[in-house]
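Take a look at the structures below.
There are two complexes below, and they share chain A, which is joined by chain B in the first and by chain C in the second.
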Partner chain A sequence: MSEHQAERPLGGPIFTPTLFVLLAIIFSGAALVCYRLLFGLGAVSAMNDGYAWGIWKPLNVVTFTGIGAGAYAVGLLTYVFNRWQYHSLVRSAIVVGAMAYTLGGTSVLIDLGRWWNLWVTFYPPLYNLNSVLLEVAVCVMTYTAVLWVELTPPILEQASRWKYEPVRRVAKWGLPWVRKALPFVISVALLLPTMHQSSLGGLYMITPTKLHALWYTPWLSGLFLMSCVTMGFGAVVIVENLTSLNYRRRMDQRLLGRMAPVPAMLVLSFIAIRLIDIAVQGKLPYIWTFDFYSKLFLVEMALFLTPALLMLLRSVRKNRGGLFISGVLLVLAGTVYRFDTYLIAYKPTTGWVYFPSLGELLFSACLASTGIAVYIVMIKVFPILSGVPSRKKPTIVAQA
Partner chain B sequence: MNLSRREWFRGLSAAGIAAVAAPAAHAREAKTVHPEDVGMLYDSTRCVGCRACTTRCKEVNGLPLDVVKTDGVAYNAPEDLSASNKSILKLYKNGETEAFVKRQCMHCADPACVSVCMAGALHKTQNGIVAYNKNVCVGCRYCQIACAFDVPKFTWNEPLPLIVKCEMCRHRPEGPACCEACPRGAMTTGTMAGLTEEAHRRIGNDPDKYDPKIYGEHDGGGLHVLYLTSKAVSFENLGLPDVPEQPIPQTSETVQHTLYKGFVAPAALFGLFTFAQYFNERRRQAAEDAQRENKS
Partner chain C sequence: MNAEYSRRDFIKVCALAAASVGLTPAQGEAWAADLEAGKKPSIIWLHFQECTGCTESLLRTSHPSVSKLILDLVSLDYHETLFAASGTQIEEALEKALLEQAGKYVLVVEGAIPTKENGIYCQVGGRTAVDSLKRCAEKAGAVVAIGSCASWGGVASAEPNPTGAKGVPQVLEGKTVVTLPGCPPNPYILLGTVLQFATFGTLPKLDDQGRPLSAYARTIHEDCPRRPHFDAGRFASQFGDKSHRLGHCLYKLGCKGPATHANCSLASFCEVPGVWPVGIGHPCVGCTEAAVAFRIPVFDTVEIENPTPPANYPPIVEHHGSISPVTTGVAGVIGGTLLGASAVVAKWVSREHRIAKTWAVAKKHEEEYAQKKEEEKQS
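Take a look at the complex of A and B:
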């Protein structure tokens, strides 16, 4: 069954100092959540009637899942465009995706004022199909589940080697079934992000009078979809680099380098579509007013353009540091685009001001820490990463 | 160059919709004001700023006072629409010129808040009122993002929060309390047909005094609250935002309906992805077989 077992668990101790630091942040975040449940959102956040979504939506939901879109990006490349060589990147990307989406969903749950009414999203007779947010909610919840289903093969593979006979038997029985169903699961896993990542842009199509002209366009959906793919590729590059720097594994620089032109070309088309759309709508003059928004736009464009151009250079693709920085810039560009649309270029009519509170930042840090902690534990226990040297005797790790 | 924010959405209706919807469908139809629907008319030239309306609004809606103490005397001094003010009276002052404006929900004919609300917590009633049903509200606050008038408010400091906005006193059989309370007939209620006629009559009777435009007749695709102002004070001065005449939800709903029509596009994508995997897998197998044969 392990005939093409490219991925292996890293092994090694689970409870490292890093994990304890992360746990500390996680627990303070959890305390904050309790406080929020007792005293309301206003008690922990600076959100107000003018800036009703604050940073939690653009950061915890839209940026996190953009980073988690690596699973979508690499999945499309591997399965649809038949670049099987990238298959070794898929599992790690799915773990990142599963965490990013689970946390994004958790954030929404904490952020919903009347969270106990969430049952309405499971009750189709009430659905208002015009609501882009409904599409996002249902789709993101489903996709989160699908991502975890996609992770059953590595989990079962590992379980079939555990020392408890019943666990082994169940795992061995289940694995062929899961493998058979996998193509359909993968199709769903590619369809859902296409839907909700575009909808995350579509959410702001309802704000023509509040979102600045350089960001408001009926093409928001398409632009968000494209930029989530570029963010996803960037995130894959980052995670590959970080795991090989921190753990005993070999990273395939050539593989990442060969992939790099894909996000680069996507970014260039993203920029082209945006500029053409702005021109068609007759909004070009806004670019050179050199007021705050025009500068913001130019910075954003530069952030997109730089990694794209870098990744087209062969010398950068061969260079580990160069490619890593391009990856970071890719994620950063997508993040800034998301923040601009959701927060900075968005202006309510009356004079509201907003700056995130410590509580909001702490909760976001708590979510990020949870993601990192679970990812680290997952790659140590389960066969997620490729390029891990085999050990004669796999270390038995504590199973809680 | 100075491009004001009111220009932001110019050109949207023509170029924007055409660009998105041209290949597939036509724009979803606008929802319009029905002549028999209820509405309100606010005449800024008649208002003396006594705030009888907003005081009464608080009473009938059971909203707390916003107490501010000045020189030891407590006043009810709300600053803007808020979770404790479904209605507010604001003053515009420029030298000698003074004018008041009453703000509350506009009860749009084609409301953005209703378009975005996922389970219909904000919904349109039979007679055109935009009403709120807390039992299916998840508290996502998308309505606050969507409303071009920044009307829906949220009780931020409650563990069990609510959206608060004017519901045209639908709980009162007598109708809007603010209109009842107004001693000067500045705020009146009636059917949309009646109110529009009345507004036109006032402008026609005194064309020197009134701005010829009725704010809300076409703005935002038609509002159920109409505004009149004097020639001396523009609607912009009164703080009424410049909104496109095309209903705001039209763009997003057109795009959404086009993409998801009959769920055809998503189903097609699913099919494509599954087929691609099947096809690619076969090619990969064939390649592997060929390799093996070459070796042997």
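Take a look at the complex of A and C:
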């Protein structure tokens, strides 16, 4: 972990028009949250006893943390498979992950019916050890904390260049310690998502009668774990492209291109496992009934297959636009898979319908905006991104 | 202990009895311990104008051997129905108990007391009901009136009340009488009351009519298994009609549940679930209420105190969700914008890529050209 100097803060003004737009969405979302806390969930959401999770979990938790799983995906590649060349992608992915998990956790807490009992979540003697959700709750809480701990090196690095002497001294004193502890933190950070991302699928093991046959499988845990990794890779590609487009930083297309076969192969094995499992369970006829669910399944499969095949093509991997589209499709496929399992292919009993209310849409938009806003501020203030042109040599311009 | 029932059964009955007067199972176990040590509460049971239904229900508890158990839990020192002896022999037993257990025994009274013409309508051993009640109550540790007759007169006091029948509290004015109205009441309420007095020397908390609050504080209507039908407006209007067969609310058939304080809807009678009037499809007749039973005709309806369900009851009609065109539109716009933005960004990055490539090619050409010129110069 000695090559950290590759990352630099972007600098530049923090309060840009983009940030003001995001802040507007965040504040209206915050007002909505106050209203919800005072007048109950029913006042802002369209959730009902049939669809008790609405989009609060499928979108705000499962999809957002899937996008945030870039930290997990790149971390696995860099640290577990020892491909150190991908290290330049790690910090940015961790910031995305930390924000995604923080916001997912926030969503769950605001979704709590009796939110005033929230303190119990942080008080282990009152835990219900028989609860499946407890694993998810504790794991996600711990992982969120771990992700932020993983972000202390860039924060301390920046602080050691701060203009105030005491801050500098503390940062310089702390930095070696944090770096020493980091391997252990990272190992925990790679263990925890393996647990809870699979649990997020495992939760639906209790719905054999409610989840459509094409989605219900004993492999739910594994499928969710695999698709979270592919979503994470997709998100990394998207974020890399957007930051390079927006902030004129150098992006290493070859690095991303070299990484691309990993999610591609993962997606292909995901599809293989699903199809084989469906075949083994004798559920193949469901695929060609061509009713709503069969069409949904086919669309979902196409969404998975397209980016996988695209990413296997050399020409696409070399082309920034092509790889970007593949990344978007990867995230979209994972999202659709999550929505299908949690909402669309899930039927509690007859008669229940659900579509998010405006309030719920606003809340999700507020969460997403918070994530984007914090990410933008973080990359401007702290050394997160690599390939940022050095601002210390403005003389280049003069020479030219 | 008798071998016919297990210790588990024994503790269970004590706990049930404790629960029916609002005590904890731990206190039930304390009774069990006392009883095993042989400290049985002494009971003197007087019968007046009644049908013996209360005694019968006590003996017909369905739990295995429970009638036997009840007789083991208490020391019945005088009971005209259950004693094998009769005549002088049984009256001697009464005299003996009155003397030996003075101040400690529990006097249980079953039946109304006729007061007209000096109470001549009910006499045992040459004593009128009024006399023997007053005499036994004098040295009793506690007086319990079991059944509606003893509590407030019951069926014997129905108009025109030819014998001037009255309840125990009306005869023993000024004395604390625990009344357990019901026709008959759940035997566990009596058992709990007697055992609490025997073990702790206290009586359950009573309401203004002397009824233990633990059993009589709430109306049947509040906890009725048919209550959801009431709240949803589903009523049987005739015996045997479709609603009646579907188990809907019996209010329109004259159910007195909304005006009757008792725990019938919560505590199964003699432990058999559903064996109470409302459970088998008959409206409640309000047997525990002096103002209702034998006063208001069985099929007349009563006023309802709280017609709307309390806020903490689950709703009857569940909202199954709805989809608004506005939100679907907004969600579509958001999704479309994200997809469109992705396409635009893809186009932009592709263009950047092409430009960078072109620049790289141009730079290469330039370098090659410069190199060529250099070579030419040199040559």
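Basically, the second predicted complex is superposed on the first by the 374 of 400 C-alpha atoms of A that agree within 3 Å, B and C clash if a C-alpha of one lies under 4 Å from a C-alpha of the other, contacts with A are read in each partner's own complex, and residues count from 1 in each chain.
In this section, contacts are C-beta pairs under 8 Å (C-beta built on N, C-alpha and C of every residue); 3 or more make two chains touch, one makes a residue touch a chain.
Worth saying up front: this structure is predicted, and the values here are computed from it rather than measured.
**Student:** Does the chain A-based superposition show chain B and chain C clashing or fitting?
**Tutor:** Clash: chain B and chain C overlap once superposed on chain A.
**Student:** Examine A:A145 and indicate which partner it touches, taking first as chain B and second as chain C; both and neither are also allowed.
**Tutor:** neither
**Student:** Quick one: is A:V353 in contact with chain B, with chain C, with both, or with neither? Answer first, second, both or neither.
**Tutor:** Once the two structures are laid over each other on A, A:V353 reaches chain C alone.
**Student:** With both complexes overlaid on chain A, does A:L38 touch chain B (first), chain C (second), both or neither?
**Tutor:** Touch partner of A:L38: chain B, not chain C.
**Student:** Who does A:P218 touch here: chain B (first), chain C (second), both, or neither?
**Tutor:** First partner only.
**Student:** Quick one: chain B or chain C, who's touching more of chain A?
**Tutor:** The larger set of chain A residues in touch belongs to B.
**Student:** Once chain A of both complexes is superposed, is A:D49 in touch with chain B (first), chain C (second), both, or neither?
**Tutor:** Touch status of A:D49: both partners.
**Student:** Does the superposition put A:L361 against chain B (first), chain C (second), both, or neither?
**Tutor:** So A:L361 only meets chain C here.
**Student:** Per the contact definition in the header, classify A:V167: touching chain B only (first), chain C only (second), both, or neither.
**Tutor:** neither
**Student:** Which of the two partners, first being chain B and second being chain C, lies in contact with A:D277: first, second, both, or neither?
**Tutor:** A:D277 contacts chain B only, not chain C.
**Student:** So in the superposed three-chain picture, is A:M265 touching just chain B, just chain C, both, or none of them (first/second/both/neither)?
**Tutor:** It touches nothing on chain B or chain C.
**Student:** After superposing on chain A, which stretch of chain B overlaps chain C: 62-70, 134-142 or 224-232?
**Tutor:** Comparing the options 62-70, 134-142 or 224-232, the clashing one for chain B against chain C is 62-70.
**Student:** Both chain B and chain C contact which residues of chain A?
**Tutor:** Common interface on chain A, chain B vs chain C: 48-50.
**Student:** Mind pulling up the chain C residues that touch chain A in the complex?
**Tutor:** Residue positions touching the partner: 318-324, 326-328, 330-331, 334, 342-343, 345-350, 352-353.
**Student:** Contact residues on chain B for chain A in the complex?
**Tutor:** So the residues of chain B touching chain A come out as 1-3, 5, 7-12, 15-17, 19-20, 80-83, 112, 114-120, 134-142, 144-146, 148-150, 152-162, 239, 241-244, 248-249, 251-253, 255-257, 259-260, 266, 269-270, 272-274, 276-278, 280-281, 283-284.
**Student:** Looking at the complex, which residues from chain A come into contact with chain C?
**Tutor:** Per the stated touch rule, the residues are 46, 48-51, 241-242, 244-245, 253, 319-322, 324-325, 328, 351-358, 361, 365.
**Student:** Of all residues in chain A, which touch chain B in the complex?
**Tutor:** Those residues of chain A that touch chain B are 37-43, 47-50, 52-53, 79-82, 84, 111-115, 117-118, 120-121, 123, 126-135, 137, 183-184, 186-188, 190-191, 194-195, 198, 202-213, 216-219, 221, 277, 280-283, 285-286, 288-289, 346-350.
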